[in-house]
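Following are the structures in question.
First subunit A sits with subunit B, and in the next complex the same chain sits with subunit C.
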Partner chain A sequence: MSNRIDVKKTYKLFINGAFPRTESGRTYEIKNAKGGFIANPCLASRKDLKDAVVAARAAQSGWNKASAYNKGQILYRIAEMLEGRRAQFVDEIVGVTGVTKAKADKEVIDSVDRLVWYAGWSDKLSSLSGALNPVAGPYYNFTVPESMGVIAAIAPEMPSLLGLIDSIAPIIVGGNTVVVLASTKAPLSAMSFAEVIATSDVPAGVINILTGKKDEIAPWMASHMDIDGFDISGLGAKSHGAVRIAGAENLKRIYSFKSADPGRILAFLENKTVWHPIGL
Partner chain B sequence: METPVSFDYAPAPESRSLVSIKPKYGHFIGGKFVAGSKHFPTINPATEEVLSQIALAGKADVDAAVKAARKAYTSTWSKMSGKERGKYLFRIARIMQERAREFAVLETLDNGKPIRESRDVDVPLAAAHFFYHAGWADKLEFAGLGTSTKPHGVAGQIIPWNFPLLMLAWKVAPALATGNTVVLKPAESTSLTALLFAEVCQLAELPAGVVNIVTGDGSTGALIVNHPGIDKIAFTGSTEVGKIIARAIAPTHKSVTLELGGKAANIIFEDAAIDEAIEGIVDGIFFNQGHVCCAGSRLILQENIADEVLTKLKKRMAQIRVGDPMDKNTDLGAINSKEQLLKIRELSASGDAEGAQRWSAPCDLPAKGYWFAPTIFTGVTQSHRIVREEIFGPVLSVLTFRTPREAIDKANNTPFGLSAGIWSEKGSRILWASQQLRAGVIWANTFNKFDPTSPFGGYKESGWGREGGRHGLSAYLKGVGHE
Partner chain C sequence: MSFYGLVDGSQASLKKYLAALSGVDQTGADARAAMLATRSIKITSKRWAIDTAISMVDLTTLEGADTPGKVQALCAKAVRPDPTDSSVPSVGAVCVYNDMVAVARKHLDLIGGAHVGVAAVSTAFPSGRASMPVKIQDTQDALDAGASEIDMVIDRGAFLSGDYIGVFNEIVQIRELCGSRAHLKVIFETGELVTYDNVRKASFLAMAAGADFIKTSTGKVAPAATAPVVLVMLEAVRDFYQMTQTRIGVKPAGGIRNTKDAIKQLVLVNETAGPEWLTPALFRIGASALLNDLLMQRMKLDDGYYASPQYVTID
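The block that comes next holds the complex of A and B.
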């Protein structure tokens, strides 16, 4: 048996392509299924959220401008990077949740495949939600889906990796940027996933990941005036009403989803209709 | 030297004998007209003449309407095939076309808008909305909206006073086509065409309770929004009320669509066809007295053409004929209510107070009724209230820009995002600007055009959801759009 001391990882936030600690200095403790210490992830503060939104807003127009082909390739690149690090994710999921290795492996495989599925949607959204409208007059009139802006998301507690991917990929595939709160109980795979993102050509600020408490951060997200939409799938149903009331101040689009389907992508897209006369 | 010839218009009044207005109205519940208890007057805003007494629905009336709608949904409408539902909608469209002139006269009397607009825009478009949606009723599974084509059930619909019949059509037609039944409340000041529409429902033999119309004010609207028997709310009106509704239904399972306010930018680039742009500016802000949520109320001019555009615009504005809405020559009718007139005056006064320069077209305003001359404000800044707040009247604020990027930044500098206009003869610039503008409807080299096939609705604080096209259908189907 080796006497070597492990080099353990410090789990930090992921904001604007960098890995800062929370400005608040607050952390909480993650233990394994047997009660042993694993890590001290950050308890993100309101200021961390603000920083993440600033980064997401700054990144949005550039990401939106990237071609659908380019966005699709970057999402596919995330899948490639995740595939290459499967073993690490399996170990982390097993360590934190205590599930079997086979079950953890299934979640990681599903996560990779889910990313590939979303990647393919990037250049098909206007086929799904666009239209050429036959108006009764000499006008060319079309409707196209367009990004909504900065979207916040609360990822579900479990499955912590696959749920996180469903909270990120459908939001960014259409040109939005995202600030996501990872699973509170099992945040490690989220922060390791940030390392995957950091090596996948995703521009800084497009994906920002926080760790912390839902009850603390969800109301801040709901009332933030520079967040356009909010995916509350990972938030308990009893908190939905309060979050929706707070979100009404800037008429945030707030949704909760039960599955991964194209509706999840379209929910955070606006539809723009353009008219132009036809004539000589 | 020759004496200048003056061509005056002879009055060309539409006949009001086409409509018979009852002295008093009730509600339309379960296929029948039922008497109301309290009443309030509805007036012709062009003359201040009382046209009729409108019933003010209270809790018992709204309960009865919701009950009738639920019964019709459960026993009839949800069981009927789409093919049969569609035929009722086709019938309604046809009857509205047949009685178009009557609807137009009634709309103009009650609303104050020029007969030219109610005759050529409101009523034909309302019929077109029924015709368009009629065809969807048996084709919902082909609308590309996913596998669910189930309606919500009972829809509560609250509509504004600026396009009374047209907004009714925007709400009722898609709701019925998708299999919902409705409880509709017209605006307090413009109930008459909705009550005539109730007669059309009877003539079309629409099953009792599928459409219920209760009249009243904001208190009636609140009863609808908060009614536990209603599954879906559709509202068109102010952003302020929209937010109240959003909060009210937040803890419930009600689905909602909101079409709210706007402060649209109308951008004129230096290469625009100026004479056409002048017409577009006028259509943008003076159509329907500016009582249009998507009105082009912020004119954004490239600096080097600003003087030329303003000179031509003032000349054109001086030719706008303001006055009797029943006269077929009239361009700008009456402001819909005293309350609205006071709002327009108050916000205009803030323009004066904040240092902007006001110019109004020289015109004689009638002594009776509610009127406001076509007006522009120059020398405004982006922080002025008159630039930031929706005025909902014939008042235009003028800003200038030097670079296209600056034009877009100014256009997008608003919490609203309903519509925007672009005037340029350069295709690539139009397409670039249309991508940059954060608004749901972009009119390029045109303005204020509407069609049932064309989705309408806003970004940001201009609302939730779309009306028209297949996007509009999703608002009335379960599991599609807003949960």
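The block that comes next holds the complex of A and C.
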């Protein structure tokens, strides 16, 4: 029998490289599979979203200017940090979802591997999706993929960690910044993942993570004029229509994905075409 | 000059007047400013607050790289902050360096902005390190070019070394020069005055010397218009009103970049000096980036969704 005091963790949001509580002061309860209390994460409000978008916008041009090599290195660094803390993530996933340890372990390992896989895409994107176009004149004509800007994402409920990584990594690898709403039922690994990000040389504001209710935050993400794209993979199919209509008002590109593939990266890139005179 | 019967212009009387001031409780001022910053403003009041704040902005550009073109663009924005919405009020004034005053005045008159004033920063802004004849000539230039408001800096070195009468006499001379042609705003650069006691002292010194406005900062030094400093200055104008029945204006400048900050300033004014000060004639906010954020928050209230900086002008 130990006399130690139970040291409970406060799960907060991750905005602009810091861990603030929600401005609304609201929380909600997370219970384990047997109904026992686990934690009180923040119930983020639309104003937290607004703050996160301001941070993401401020960080975007700097992140976009980082070299592809550098961005790949930083994504790889996230994988390194996650690898070192695997045990904690396994415990959290088992605690919240009640899956077997082996299954949780597989999810965390897959998450690390997925990050490494996305990191590898960074310096290959422009060769694979760009082109040197034939034109009838004394010019070179290039098409290169460019970042879209600030992208919002709704992470799927399950798997909570691997799903979150699929909602973050493909967006940022091409130079976008992201505001992601984590799994509502299992947000703990998302907030622990924020601690991994905070120690991985990711510039403040490039990744911002909120926890809360999808149907409360998604409409504000869709209508926000300063969000350029929206990944709704984690949003229930019933809400897709309303969100697509709200997003159409401001010409937001809205996509939903079923799997992790390079298309997920390219969806949030735009093609820029450059003419350059030959001989100069 | 009357000096409101508070001082007779001699060193002895000024010393006595300043020595009689009560000290500022620094912890109390910090706590009160922090407490007032937590006031929640509801949507209906917010709309009023945003429009009031816009009408109080002294839209400022004080860069070495200012060009006539940039100043003209600033003037256009001052008259019609949102070209797509004519219900947005004009700002209080544009604030420019002396050599741009004529450009600004001419352009404002040309585009229907005769009601928008031109404020000139004078007396060797921002350091105030020049001889008195130079400062007088500097101010004279601005007045001749059509400035309706003069933002002068005090000699902080003289103030900090205790030469209060020197600072006082400089303000008196510039006040005389302005006469009825221009309002005089006196800039303390509170970031260099070190203590709240000094801020209060400088406030009373400037008010007795004839300032129409007292202004926190040049915008070139940080910290600038922090909430406790503005609180101390608002308490000073409130106390001065009780002594003399004269209302002196306050202008925080520097560091007020978003709507939240601006509304906090309005709360400070209302709760400290009183609602009589909630007019551009008695309260101004020196800012440049603030105006865009006010416009974006105004759009949010109108449209129901968050706005993007891509829909307001870059300046």
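Just so we're on the same page, the second predicted complex is superposed on the first by the 276 of 280 C-alpha atoms of A that agree within 3 Å, B and C clash if a C-alpha of one lies under 4 Å from a C-alpha of the other, contacts with A are read in each partner's own complex, and residues count from 1 in each chain.
Operating definition for what follows: a residue touches a chain if its C-beta (ideal position, glycine included) is under 8 Å from a C-beta of that chain, and two chains touch if they have at least 3 such contacts.
Predicted model, so just to flag it, every value in this text is computed and none were measured.
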Overlay on subunit A: subunit C relative to subunit B, clash or fit: fit
Which superposed partner A:Q88 touches (first subunit B, second subunit C, both, neither): neither
Subunit B versus subunit C as contact partner of A:S126, first or second or both or neither: neither
Which superposed partner A:S239 touches (first subunit B, second subunit C, both, neither): neither
First, second, both or neither for A:S256, with subunit B first and subunit C second: first
From subunit A, separation angle of subunit B and subunit C (C-alpha centres, steps of 10 degrees): 80
Touching partner for A:N16 - first (subunit B), second (subunit C), both, neither: neither
Partner chain in contact with A:T143 - subunit B first, subunit C second, else both or neither: first
Per-pair minimum CA distance [subunit C against subunit B, superposed on A] in Å: 5
Intersection of the subunit A residues that touch subunit B with those that touch subunit C: 250
Residue numbers on subunit C that touch subunit A, as the complex places them: 304-311
Footprint of subunit C on subunit A - complex, ascending: 50, 53, 57, 220, 223-226, 246, 250
Contact set on subunit A toward subunit B in their complex: 128-129, 131, 133-137, 139, 141, 143, 146, 148, 228, 240-242, 244-245, 248-251, 253, 255-256, 261-263, 267, 270-277
Subunit B residues touching subunit A - in the complex, by the definition given at the top: 128, 144, 146, 239, 242-243, 246-247, 250-251, 258, 260, 415, 430, 434-435, 439-446, 449, 451, 453-457, 459-461, 463-464, 466, 469-471, 479-483
